[in-house]
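Please see the structure below; I have some questions.
Per-chain residue numbering starts at 1, and chain names A, B and C are given in the order in which the chains are listed.
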Amino acid sequence: MDIQEWIIFAIELIGTVAFSASGAMVGIECSMDIFGVIVLGVSTAVGGGMVRDVILGKVPSALLHPVYVIYAVLAAVLVFCIIYFRRKYLQDGFGEVYDKLMLAMDSVGLGIFSAMGVTKGISCGYIDNTFLLVFLGTMTGVGGGLLRDTMAGVAPYIFVKHIYACASIAGAWICVIIYRSYGELPAMVVSSLIVMLIRFLAAHYRWNLPRIGE
Amino acid sequence: MDIQEWIIFAIELIGTVAFSASGAMVGIECSMDIFGVIVLGVSTAVGGGMVRDVILGKVPSALLHPVYVIYAVLAAVLVFCIIYFRRKYLQDGFGEVYDKLMLAMDSVGLGIFSAMGVTKGISCGYIDNTFLLVFLGTMTGVGGGLLRDTMAGVAPYIFVKHIYACASIAGAWICVIIYRSYGELPAMVVSSLIVMLIRFLAAHYRWNLPRIGE
Amino acid sequence: MDIQEWIIFAIELIGTVAFSASGAMVGIECSMDIFGVIVLGVSTAVGGGMVRDVILGKVPSALLHPVYVIYAVLAAVLVFCIIYFRRKYLQDGFGEVYDKLMLAMDSVGLGIFSAMGVTKGISCGYIDNTFLLVFLGTMTGVGGGLLRDTMAGVAPYIFVKHIYACASIAGAWICVIIYRSYGELPAMVVSSLIVMLIRFLAAHYRWNLPRIGE
């Protein structure tokens, strides 16, 4: 692997670890045992990508190359251990820390996975089908979190939080455009950062889309 | 496209719009923002078909030919806007109107999608496997609604409403039989109408299957 | 079929019937009508295997050879009828009988399906990929139950019960190891029995994995 491939691999690992940590946190919040926490972490980290690969008619790469699964397990175990041994210090104001950490982990994962969905679709030969690429990016980005929340039985983040899937769609679209002109690495970095930026701005300024009945 | 293909395309669009509207209504009922409403509408409209295509080992046609997705988005936005601007007139008796509209939209979608699942399976070369065709029809018919209700966290319509999946199975079976003798168009029209008829009769006369513990 | 194939087929049928019965019991517990009970039974019995086949890029064998579906339907109907006609005798202490039966059915299904997932993966040529095989075994074992609980809207068994997925992973791993040395039949029998043993011991001695916040 040359330097560019190493950077892309590192970015993908960061996304995997961040999503797995978000899944582990939801599992702990739901009083699951350590195995449930690991399952939820791994599902969040590789779920969106597996659905994407199955849609593309491929055996999921997470199964053929389990390195991402291993890092997801480690991240979930680490989160469990930290909270297990630190819970007495976390009594006060944990709700607030939890929300902020969740937002950070989930946004990092969302940005990176949205870009990964696009690049995977391009590597499968669909570079001209913008709609398909954006769909794959969004599916990969929001799929893991949707699986996590459905399995844990909590209200899906995607439906209740600020500008969630919109950020993923915007990121995937930007990723497609940049990829066509400048290649994979700039596309992944810029689009991931834009998704995170949108998410943080939306959370900070409490942007919300219109809804009925409140 | 000749005239028959145009009619089939029109029928498929009607089913897509009806299912998307039912998803949008559930999303609005759950106080989702407009994006959640669109996601739920599109999931309901194309979800069953995507699962069917993935089972058949194909890249979902909804992704390769996004015309159905576009109409589903338009239908969901339209439903959102109508209810958004009309809600003051909808205060009284909205529950009743909601139930009736839901029944109508869901029944139209169920009938047309059950037939579409069968015709898609036949076009993939499984015309002799009645069981597979009926399964594909039922999966396409009930899959979208099941996805919608699971994502929205409400009790799945299929398990609580009158004769839901039974109607879909009956329609798919009739569609297989008519297709073999008379071709695609009569099969789609007759089987869709039969499903809708069964659903309306079941709702009107409150047909229910036996259950335990009530 | 020679005698070994007959025994394997019989074992698979036992697993199918046991899982279908567990699904039917959850459906009855949730006051579903007989059709919902059948859908839940069949989903539990063939759901994990269908997801596994789709991941492997194959049309699900449950659709091409519906014999398992037929037995799953019969098992669900039988469970419904028994409870329907016997419910007056079941008033007292049904909760306890329900829990024990559920544990037995679910453990038998879990053990056999974990082994079936592994043998299916091996028959698809992945005998050297231990991680993939264990994943397929676990997915097949826990997938049906997870689908059942998600569709019924109850807390997934896998997250709340003793040592559930751990037993499946252990069984799948043992199945891989025995298969490589001694072939299919010993692998299926031994690994299934080990999973059941782990489950019963875990339930009897109330083994639990560590969790936070209780």
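The definition used in the following text is that a residue touches a chain if its C-beta (ideal position, glycine included) is under 8 Å from a C-beta of that chain, and two chains touch if they have at least 3 such contacts.
Small disclaimer: the values here were computed from a predicted structure and weren't measured.
Student: Which number of steps is the smallest that gets you from subunit A over to subunit C via touching chains?
Tutor: 1
Student: On Cα atoms, by how many degrees is subunit A rotated relative to subunit B, nearest 5?
Tutor: Resulting rotation angle: about 120 degrees.
Student: Same residues or different residues: which describes how subunit B and subunit C meet, taking over half shared numbers as same?
Tutor: different
Student: With chain centres taken as the means of their Cα atoms, state the distance from subunit B to subunit C in Å.
Tutor: Measuring from centre to centre gives 30 Å for this pair.
Student: Would you please write down the residue numbers of subunit C that are in contact with two or more other chains?
Tutor: Within subunit C, residues 54, 57, 150 contact more than one other chain.
Student: Across the complex, what residues on subunit B touch subunit C?
Tutor: 54-57, 129, 131-132, 135, 146, 150, 155-156, 158-160, 163-166, 208-214
Student: Would you pull the subunit B residues touching subunit A in the complex into a rising list?
Tutor: 27-28, 30-36, 39-40, 50, 54, 57-60, 63-64, 66, 69, 80, 83-84, 87, 150-153
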